[in-house]
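Order of writing sets the labels: A, B, C and D. Residues in every chain begin at 1.
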Amino acid sequence: MAEMAAQPSPSAAVQAEDEAFYHESGINAAWTGSRLAIGGLAFLFGCFAFAYFYLRSLNSAGRWQGSGFVQPAVWLGTTIMVLALLSASVNWYGLQRIKAGRKSIWQIAGLFALAMGLAAVALQIWQLTTLPFPPGSSGYSSVFTGFYPVFLTLQLAVLIWLEILLARSRFIPAMSFVEQPPTVTETQSVQRFQASLSSFTTVWSFMALIAFSFWFLFYAL
Amino acid sequence: MSSAEIPLPAGRHAAEREQRRIWWLVAVWLLLSLAACLVIWFVWYPHLPPGDMTTSARHQQFDIAVLAVTAAPVILGVFCYFAYVLVVFRARPGDDSDGAPIYGNAKIQAAWIIGTSMIVLWLFVFGTVELIVPAGAGAGEGASPIWKQSGAQTVAWTPGTNDILQVQVIGQQWTWSYRYPQFGGMESTVLDLPVNTPITFHVTSLDVIHSFWPYLLGVKADANPQVDNVAYTTARQTGSFIVRCNELCGIWHGAMTSNGTVMTPVAFKVWATAVQAREKANGTLAALPPYALTYDPTVIPQLGKDLVNVVGVTGAPGYFYGPGNPVTP
Amino acid sequence: MAIETQPERAEPTGRGPETAGGGERPWWQHMGAHTGLIGAVAGYFLGHWLGNFLGGDFARSSLSDENDVAIVLGYSFAVIGWLAGLGVFNDLFLLMRGKPLPEEPRFLGQEGPGLAKYFRFTLDHKVVGIQYLYGMIAYFLTGGLFAMAIRTELLSPNYHIIGPEQYLMVVGEHGTMMMMMMSSVVLGPFGQYFGPLLIGSKRVAFPRLEALGFWLTPPAYIILLSSILFGGFPTGWTGYEPLATQATTGMDAYFFAFGLMGISMILAGFNMIVTIINFRAPGMRWSRLPMFVWGQFTVSWLQVLAVPVLVGACYMGLTDRTFQTAFFTNQLGGSSFLYQNLFWFFGHPEVYILALPGFGIVTEIISTFCRKPLFGYKVQVAGLLGVATLSFFVWQHHLFDSGINPDMRPLFMLTTELISIPTGFIYLVAMGTFWKARIRFTIPMLFALAFYFNFLIGGISGVFLSDVPADTTEHGSFFVMAHFHYTIMGGLIFAFFGGLYYWLPKMFGIKLNETLGKIHFWTMFLFFNTTFLPLFALGMLGMPRRVFTYARNLETLNDWVSISAFCLGASMLIFLFNFVMSMAFWRQREVGNPWRSRSLEWQLSTPPPAENFRRVPVILAGPYDYGVKDALPVADLDPPPGVIGSAYAPAARGPVTREVED
Amino acid sequence: MSLTARVAALIVAFLCVVGVGVFVAVYYIGSANQLPTVAYTASGGVVNVALQEDPQNNSTTTPDWVTYYTQDPTTKQWLHTTLFSVPAGTRVNVTIYGYDGCTPLRNNYWSKVQGTLGNVVTVQQFNKNNRPLGLTTTESLINSWATCSVGHTFAIPDLGLYVPVASPNAQNSVNNLCSNSPCTPASGGAYSLEKFSFMSPSQPGSYRWQCLIPCGGGFLNGNGGPMQTLGWMAGFMNVVST
């Protein structure tokens, strides 16, 4: 039982050592966290996919798609989905470039990704306000109007993350991505930025995958 | 209890002492288990719920007894063991020493795992057999049961034969009603049944989820809206019973009971035909919808065009489709 | 929440007088609960106005004189306002402007002395743990009072005191309140407080998520209670559809509060998994992880993976009531079965979310007070993992009579009974640990023993329920009620009290009064069993759950149960008296290691220092090596320089460690 | 920590007080004791119970809910309650003023009169000027589907009593329903006057009664709101021993 209060505060070197330790842990945490977030999100969206297939196969009262059912505009849904995919892939490309030391290219790509993501969300909201059916007129309409608000809210949340990365990247000198920065603090901040960026890319690509899957369910299947 | 008569550890032959004590413990456990099982089987079993009024109730009674006999030795074993160790291995006042550093014992662990697996396997096999042999053991079996009850599906039911009696149980907030398709689809507020006759319940609901539970009949099946939930039983004794609702269905859930009687087939036939005749006479049968396995209360042919206006206000899901809304069912 | 998943900034821990907490400014000038309250009230009225604006002309609203949209939007805006008032979003805005996060004293418990930090969005896991402790006790007492009301009505077989719909309201409030509380009652206080200490970490991975997890529980509590003002909800804690869609506006509170609590559970579990995986001290191998941490780890997985389904189900229930979707309305292409499937897919893992932390705590306790290593550490871990995994595959045993997939019943009977094997491991470990032990009958030990006693009865009765024919009699009756009260209250709550008596000296340096504690234990144990054992009989005799009237011949038994339930409530008052007096007035000091435990948290000073460990400790041995000759100390709390760096920092990120080495 | 612990403990105490408050709220304010119970007493071996059904009510919070009113036998006031008591084992003559329009039953079986003496009811229609329309008829079945003609039902399932209550004459009730509750023949609005009798049980106790018409407008299946609230379309008949 070491009574720590009694002991002198540790030396700077020792402190730096501990900080490095937790720096490592933080970097790994970003990796683990993004994967775990995908796991949790998968169950959340899985809950809607389950509802989709359950109601579709049950077709209770013959109203999976009731009489006089009109499908929402396919071109619009496809545009939204394509925008999400493009946004993810552009950002992924930017990640490759920044790994190769080209910060500015990622910044442009990130801006495009952000713009396309926001466009997808905006179009989605517009589509929800102009649906050709009342929300409760059929099983399909229920799942559709139930799922997309959740999805676009989460898309927005992830896009805020992208915005934060863009904002932060302004304060990191481009040189830091090319060679080892002089000080530990800068090195660590670059490493944290890169870890955060790659975690973001993972999650955002997953969201694009979800966008595609549900597009397939709602428009193609 | 088990270790009361056991001397506390001392002296040089501690090891043998301990051996002997363990044998004592095992012996006590076996004796207690035997006693418990005998009591359960011969004293308790005949009085176990839900009694033996029907085949399904008998099977449930039997299952509960068997499970109790399986469980008693396990519970007693754990309790005996704990009683023993708590007494023998308690720290005496002033004893500051630590216990023996035992990290595990492969043999014991393997034995335990195998033992519990055996019990589980036995429970599973027993449960499955007891589920399939009595055709669902009185539980709701969904719209198309895979384990069917033997008997003849007939349009008209005649006593003394092997004809299956079809009974439709309709749950509604907050009362039960029963339709007998083999008697012109007549409806009744009491559930009368013939003895020694295979009975098929078709349980459905007109609004929310209820659960049909004639406790003494050993039948339990949820009443779901627009779903036909089938349950089987065969009454073995005459007598009266009470039907309860077993799934929370709103304010009067607790009071949602109705009465039933198991009577001789002939008496039942008399009762059923009498009710059918009366309902034909006073126009009830004409007023009822044609018999079906499920009902959509928003479809009221007699009302024709008024339906939308009426349903738009108070009909089934119509609450958000006002009068005249094109998509109203 | 996505924003919060970026790595925690690792700035040097601010120290010194200038950062010693908000000592300079008075508390009301900091953002905290009081500003949060203002935000919540403002938000509610804004949302309510918006809801009336949007949904006021729905046929549903105009016909029923009720507007669910207004209520739900009011709740949502109230929660957002509450969080904004607490200052949850401040860092978010900083980050969005690209600014670095301020080196705030609130990191690592540097808030300094004073009470204000407990009413603020404090990021120290120890503060969060204590916040949870008081919050969950409040939940528990409120839920208990509802139980008293239930038993009061059941004193008579007829309607006599509480009207039928008020009775359903009370039942629902009790069930939901307790379920919401139980899922955090151990992981909240002890998990958040001791998790990092037990793995030898100075910090958690996502302190903001952790704190947010707690600060979502007060609004959930208030919102759930607010249901009373709207007539309560008639569905009990399961919220079955379509009854829930039919109910009056009180129902919105249920869905909203339960969903909110679900989010809080997800956040807490998320943070804990990442912390346990990445922030373990050097040498803290998986094989040395304390059992409580294992329990927390497995539960966190259940929370992160299963609870989203509950959130989804609650959301669907709300949309059915507000945007008028038809997820659960059969006549419109929905299905009431859908809700049952979704709810129980969450609901059964939830049951083990309640059970596993209890296993963890009692294992710690028995090992300490038997002065013996655990008998089969790996077996226990296998048991925890097995239970957690299997719990995803058993949900339909709640639906045996419902007519849902009836031909799957043998399968679900099998999976359900399989769970008793890993649960058996837990008992094997306990029994083995008691063999040749030196048992100290301290209060925590008594609670742990009671846990094994109750949970055995609860578990065995669960086997009866898993057997379909037997379940046909017992399903939905008081038998089930008795079963899950034995596992949840008899299990988890006894474990919680065990943990409380065990760890309170470490958390506050104060120990509860022994005598009162013993009285509390014995009354609670006795009256718990006299209350819930007869319920098995009541169920077998055909008394369904959630009824305000019952057969007259059951009156005697019900009165017995009610009276002993009141006694059980009284024993809770004994605890409360002991707690308040010991904490506030008697303040019996207890520093150091009163239980002579080997576990890591007890090697620290009491209460633990602000940053937990002065240095990252190096773990040398497992926590349970009692009675081992010349066993190593559990950890080197002051490792020589260089050890940590060489132990952890990989060569890939060379410059960092190089700096350390020069 | 000293101050912390003290105040924190006091907070717990405070929260318990809050809990007690909740308990009291549920126990008293929430409890149905708020509703008055109208006591009907026997005179000449019979009890006369008078109820009315309105399409709306005089409450401020939920004015559009349909509801029953119970008439106080002494003051002849219409009270907004559904709790009334009758002596055990006596003949109960029930008079119901049906001011509400028709709604189809979800199960038309309840169109049949069951459990009354002779399994019949007598119905007299009135127009909005309180003039009788046609003669008093004796009905054993009022079909709510063929001619939408049932406003509500009065059912005591435990006694096997299921009585459909006729709605005002269809063509006469169009735009002629009473619009300010509690309605009286003088206050205008077409209505039907229905009478029937049944024997109260010899066993004292509280027997629930309800309406089987899905009349909770705006609620799924029409069975929410007033249908599930004591004092509206759900109530207790307390049978007191004589």
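Here is the rule we go by: a residue touches a chain if its C-beta (ideal position, glycine included) is under 8 Å from a C-beta of that chain, and two chains touch if they have at least 3 such contacts.
What you see is a predicted model, and the numbers here were worked out from it, not measured in a lab.
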item: Winner on C-beta contact pairs when A-B is weighed against C-D; value: C-D
item: Length of the line joining the C-alpha centres of chain A and chain D, rounded to whole Å; value: 56
item: Computed distance of Cα centres, chain B from chain A, in Å; value: 47
item: Centre-of-Cα separation between chain D and chain C, whole angstrom; value: 44
item: CA centroid of chain B to CA centroid of chain D, Å; value: 36
item: In chain B, residues with contacts to at least two other chains; value: 207-208, 226, 250-252, 255, 296, 313, 316-317, 319-321, 329
item: Junction residues of chain D, two or more chains touched; value: 208, 216-221, 223, 228-230, 234
item: Shared-contact residues (touching 2 or more other chains) in chain C; value: 59-60, 63-64, 164-165, 234, 242, 246, 324, 326, 329-332, 337
item: Each pair of chains that touches, named by its two labels; value: A-B, A-C, B-C, B-D, C-D
item: Residues of chain D defined as touching chain C within the complex; value: 1-13, 15-16, 18-20, 22-23, 25-27, 30-33, 61-65, 205-206, 208, 216-221, 223-225, 228-230, 234, 236
item: In the complex with chain C, residue positions of chain B that touch it; value: 48-50, 56, 59-60, 63-64, 67, 71, 74-75, 78, 81-82, 85-86, 89-91, 95, 97-105, 108-109, 112-113, 116-117, 119-120, 123-124, 126-128, 130-132, 134, 136-143, 145-146, 203, 207-209, 211, 213, 215, 218-222, 224-227, 229-230, 242, 244-255, 296, 298, 312-313, 316-317, 319-322, 329
item: Interfacial residue positions of chain C with respect to chain A in the complex; value: 1-3, 5-10, 12, 15, 92, 95-98, 100, 201-203, 205-206, 266, 270, 273-275, 277-279, 282, 304-306, 308-309, 311-313, 315-316, 319-320, 323-327, 329-335, 337-338, 341-342, 592-593, 602-605, 609, 613-616, 637-638, 641-642, 644-645, 648-650, 653, 655-657, 659-660
item: Contact footprint of chain D on chain B as seen in their complex; value: 170, 172-175, 177, 187, 189-190, 206-208, 250-252, 255-258, 279, 282-284, 287-289, 295, 297, 300, 302-303, 306-307, 310-311, 313-317, 319
item: Residues on chain C engaged by chain B in the complex (per definition of touch); value: 58-60, 63-64, 164-165, 167-168, 234-236, 238, 240-243, 246, 324, 326, 329-332, 336-337, 370-379, 400-407, 409-410, 413-414, 417-418, 420-421, 424-425, 427-428, 431-432, 434-441, 449, 452-453, 456-457, 460, 463-464, 466-473, 475-477, 540-542, 544-551, 625-628
